[in-house]
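Only one structure is covered here, and it is reproduced in the block below.
Residue numbering begins at 1 within each chain, and the chains themselves are lettered A, B and C in the order written.
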Amino acid sequence: MKGFAHFLAGLTTATFVVVIANMYYGNNLIANAIVQNKALIIILGGIFGILPDTIDFRFARYIQRHDYEVDMDEWNIDPKLVAETLAKAIDQAASEKREVNVMLHTIKISSDQWRQYSVQFDTENKKVICDIGPVISGFEKRPYINSYLPESKSHAEASFSADLKYDYDKVTYVDILSGPDFSFFPEEDGSVRADFIPWHRRWAHSITLGVMFAPLGFAIYGFTPLGWTAFWIIMLGFWSHILTDHFGLMGSNMFPPFTTKRVPGFKVTRSMSTLANVYTNYINVLLIIFNMNAWSPVKYFEMPWTQMLNISYSNYAEWYTVSLLNYIIYYVLPPVLISYAIVLWIRRKMGVKEMTDEQARSAEQLEELGGASV
Amino acid sequence: MTIEYLLMCILFVVIGTLIGSALSMLPGLHVYNVIGFFLLFYFTAGLVLDSMQMVLMLIGMLVSYAFVFTIPSIYFSAPDDSTMFVLMPSLRYLKEGRGHEAVVLIATGALIGVIAITIFVPLFMGPLAIVWSIVQPNIHWIIGAVIAYMLVSEFPKDFGRHKNPLHGLKEGWKTILAGYLTFFLSAILGIIVFNKTIIPADRAFQGLMAPLIGLFATSSIILNLISKYEIPEQNIPKSIDAHPREIVHGSVAGASGGLFAAFLPAVTAGVGGYMASHAFAQKGDKSFLVSMGASRVVYYVGAISLFFLPTLHLRRGALAMGINLFFTPESVQQFYMVDMGIAIAGVISFFMVIYASRFLATRIYRINPKVLNLTVLGIVIALVYFMTSWQGLLIMSVATAIGLIPVLFNSRRSHCLAVILVPIWLNMSGISLGSLFGLW
Amino acid sequence: MGNNPRNDVGCEGDIMKCPSCGREIPDDTVLCPYCTANVKKRIRLNRIYAVALSLLIIASAYSILSYAAAGIPVTKIKDLSMSDDRNFVRVKGYVVDYPRVYEGSYGVTALVFTINDGTGDLTVKIYRSVMWKVVSERKVPGMGDLVDVRGTFFYSTTKSITLNNPDYLVIKRPEFSSIRNLTALSNSPPWAYKNGEGIYLTGNITGVREYSWGYVLSVDELLDVIMPRAYVSLNITNLKNISSGISRFYGTLEYYRSYQPSTLYPVYNLSTLLSDPEKYNGTSARILWATVVHKDEANNTIFIDQNGTEICVYVSSGVRYYDVGEHVELQGKFEWFAGHWEIAIIRESDYIIEPKWELIAHPQCELVERKSYEATTEYHLYGLMRVEGIVADYTEYSSGSVSITLYNASYPGCVVNVYVEHKSSISGLLQSGSKVVVRGMALIYNGDWEIKVRAYTNDSVEVIY
């Protein structure tokens, strides 16, 4: 998911916390602090909603140590080096029983031209295959078709002996901005598990860290109702990031240091597609508007169900729940479902293929690596 | 209303569009400055001009500006606040001899923006009014969230090569810190400009001109002067390389960003477009160029449409505020006339852009970019001096220095928009930093 | 740089020009090797031009709509709600209060009046430039005018509308009928006229008192004319001008009660009460109109007469204010006391007042006959006089008024009584023995001639030495 979607999801979570805190403290206490006293407490939700990625891309990636770095330039292109380094790292992980990391750097030619190359793990034949691709332009990744190298210069293979478990897309492209890195872990049964961009979605994307950040709320507002609200906003805002990420395939490592592996995601969205981002943002914006209306002393719109069931504001919790349900069914879902049906129809007509799980998993990681820094 | 009156109105739209197109060709000149001039003239001379016709003329000028800015921003490369996120792709197009194609892409986006404004804004009249009522008391934290997002979404650009974690942190954080420095300095400049009358009081209505020109125009002109590039011969294509999907994606994203910016105070097209490009997971130059045009048009023209929209009447942007000095939107009839004006001005401006670009594209390579940039710099400095006197030049030079930071450190230029965002946000949140700077 | 694609283009097959960058490329390529543009799948410019021209359809649709759009319908005030906030609306109603102005250190900033269309009240606000245009077009409304106003509606605790253009204020003034006998008017009972009835009358201004909301002009010492401050601040009415002779005042009548009674108590006629006194014993009664016929200050009682029926009224305090011949309205307890039926005004909610008809002035007020200050020794009622004399004695009152006794041998009794309504009319330091020139109006006070120096007029007391 893009940073923006996480930020919005954090804000949405914060508005829900404010609504619930309002119910808890009564007197419209928290909402008045926001609307009348101009408290900025909701922004905390957004900031902590985007924070896991911020930590990963601004800090965690620098802590990652690499045993091998493959750094080629346009004049020294050597596919064999790439293939052999990876194969060596796999075997080393198996033989030395330790984690081995390999960093594949991108090949930059000019301000918006990069040389693309790909890495493929053939787990059946136990081979690493590297292919040097064309020069591509900028973020569009359009190839300059005359820049393909001859087969002899662009193709190399290297064999390894350990059993490799690799869950991602078979082919990984290294092209623009930062390159990906691979980690090879020795498993109990003697095989080697490959992890792709190992520093991402680890300890920073965890329930534990959210709990640790939450007391910051008291640091800002003290042990006041606002402080408690900030506590929950920070914690739930942080968790909202993990939850939205979990709709993909990758999942996150939820409880470090007690766990070390990522918990697989819900597999709802196939990739970090434009559509997934747009829908998330749409839903979030609509929910924020609903919540702002719900805590406003003047209600600018009323949902018909509350009137049908004859529920008044005095029964706020019930009024809120029924309104929200009504709102979701009337306004949030129909545009999403209708537009998604249209998109599906167009896709089928155009014959766009769905990604496999492996491809989607790779796309998820690569998207954030390249996409987050655009 | 008589047919004669309607025809006169159309005539004034056309006049406004022609004046606006001519003036918008000048790089660095913002239409709001021109409109400020026109209003001054209108008030002092007490022109015997029907106020509705004056409004339509100003709208014609605004629409043409939102289209024609493309010409200087592509060929003369003197971008203002909202052009910076597109500078890179447009420069690339220019280098490849595809300047005209880039202009067509932006103009197409702008065209779709105009269609969106004239068709969708009236359709969503009711919901927009409700949403505005809901948003109004919460606006301080929404603007605050925009600022927070601008700050937290700056990512390192170090391409992952580092010797050790510390070295990596240093390399990665260089651009981030440069961005924060830009933001901080722009914010302070903005607070000072908003709270102290530095330029002569009778020019105070142009108070933001000097800092904005300094932050966005002069700094990039200086960059153009120090960097070596040549404008190659441009090709005039009969078709453009784009997929309908890219155009739809770009215009939807751009229009949303523009509407967001037009709807909220302090948020400009640059920030709105930037947020929308993230929200719509945008990638690719063509989509960017299209969204660029759409967001600009929807920001500038949409603001006027929202101003005249019955039940809403939002005052956003200098034109709406200027018009409000002598005119208050009243009837649905006026809204129809404004939409008519927007549509007519849109058609004229679109073809104006296309033909101006065709004219320039075949001649631009003969122009020495150094001479061109120096000329533009001269025009801009003269303008600032003329409009805001030497105090304005002083502010402009400070702003230029700030504007050079992102250029030199490769950080995001939108941080310069803190010059507007932060003072207005502080004002809305009831934080008065102005007194801090009022002490001296 | 051998791999750089720009250096070697394969030249097999036919050559074509890249439609994007214009360089020569092989005929069979899909992507241009120089600019990476897709050569085959492209959007033709003509299609975009067609889209652009479709805007003309939208433009003509809107021009037809704007041509056909009708004027703005009149809205009832009660129908204006939050959803009309900032909308442009048209409302028709009567002005129910007199116009007010807001004055700041920069002069008058706004003109405000309230209208009612029978469904609610709405405040009309007119600011600065529009306000001055309204004034110059003589469109400032008066109380009782029927106005048709179009403006921007603002919804808050009070509904208001802001006028943006003087053309959007249309005023229909009431028919003014002439009233000649001011004495009769001031002695008229509340049912003699209708509240809001438009009349005009002529007379002399015999006194000016200032209040925050305006001026009270006493006309021929019989009728009070309320001159809203708005008219004076907006230079529509010039007090100095209209006080320098006989003037004509237009306005609407209003029955003024100094105390707004609650309508809790029923109104009775005295004859009803006294026809069956036992039945009404102890009731609280309101008597709307009665004449004082006798006053007994020692016992704090007055006797009032209503259509020939007389009764005693006990007034717990301030009985001295009610003189014989005056008309009063009162409310008190009807009871048997010390051998007679009386109305006792004792409780806090009880009251006795002297209500009277007043004229709420309209803006069009004019001078009919100018008088000049004449240095005569003969007194003419309401004549303007210029009198010289030596101050023999003077008294300053806490209210700001000053009474001066002037010595001048040419006047009857060698004395001229001068009453200065407000000391601001005196220029110079007033002392016993000072020589002064007094300009004022000749009036009879307590049977004696008196020169009244009216405030806010051309009247003055000039101290020579």
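FYI, a residue touches a chain if its C-beta (ideal position, glycine included) is under 8 Å from a C-beta of that chain, and two chains touch if they have at least 3 such contacts.
From a predicted model like this one, the values you see are computed outputs, not experimental measurements.
Summarising the inter-chain layout, the chain whose CA centre lies farthest from the centre of chain A is C. Closest to the middle of the protein, by Cα centroid, lies chain B. Chain pair with the larger contact count among A-B and A-C is A-B, by C-beta pairs in contact.
Averaged C-alpha coordinates give centres for chain B and chain C that are 48 Å from one another. Distance from the chain A centre to the chain B centre is 32 Å, each centre being the mean of its Cα atoms.
The centroid of the Cα atoms in chain A and the matching centroid in chain C are 67 Å apart.
Shared interface positions of chain A, defined as residues touching 2 or more other chains, are 137, 140, 298. Residue numbers of chain C whose C-beta contacts span two or more other chains: 34, 37, 82. Residue numbers of chain B whose C-beta contacts span two or more other chains: 133. If you check the complex, the residues on chain B that touch chain C are 1, 3, 6, 10, 96-98, 101, 104, 108, 111-112, 114-115, 118-119, 129, 133, 233, 235, 237-244, 247, 310-313, 327-334, 336-337, 339-340, 343-344, 346-347, 350-351, 354.
Contact residues of chain C toward chain A in the complex are 3-5, 8-10, 29-31, 33-34, 36-37, 82.
For chain A in complex with chain B, the residues that touch the partner chain are 2-5, 7-8, 11, 34-35, 38-43, 46-47, 50-51, 54, 57-59, 61-63, 65, 69, 71, 103, 105-106, 108, 112, 137-140, 177-179, 181, 272-274, 277-278, 281, 289, 292-293, 296, 298, 300-301, 371-374. The residues of chain C lying in touch with chain B in their complex are 18-23, 34-35, 37-39, 41-45, 48-49, 51-56, 58-59, 62-63, 65-67, 69, 71-72, 82-88, 150, 152, 162, 164-165. Of all residues in chain A, only 74, 134-137, 140, 142-147, 149, 298 touch chain C in the complex they form.
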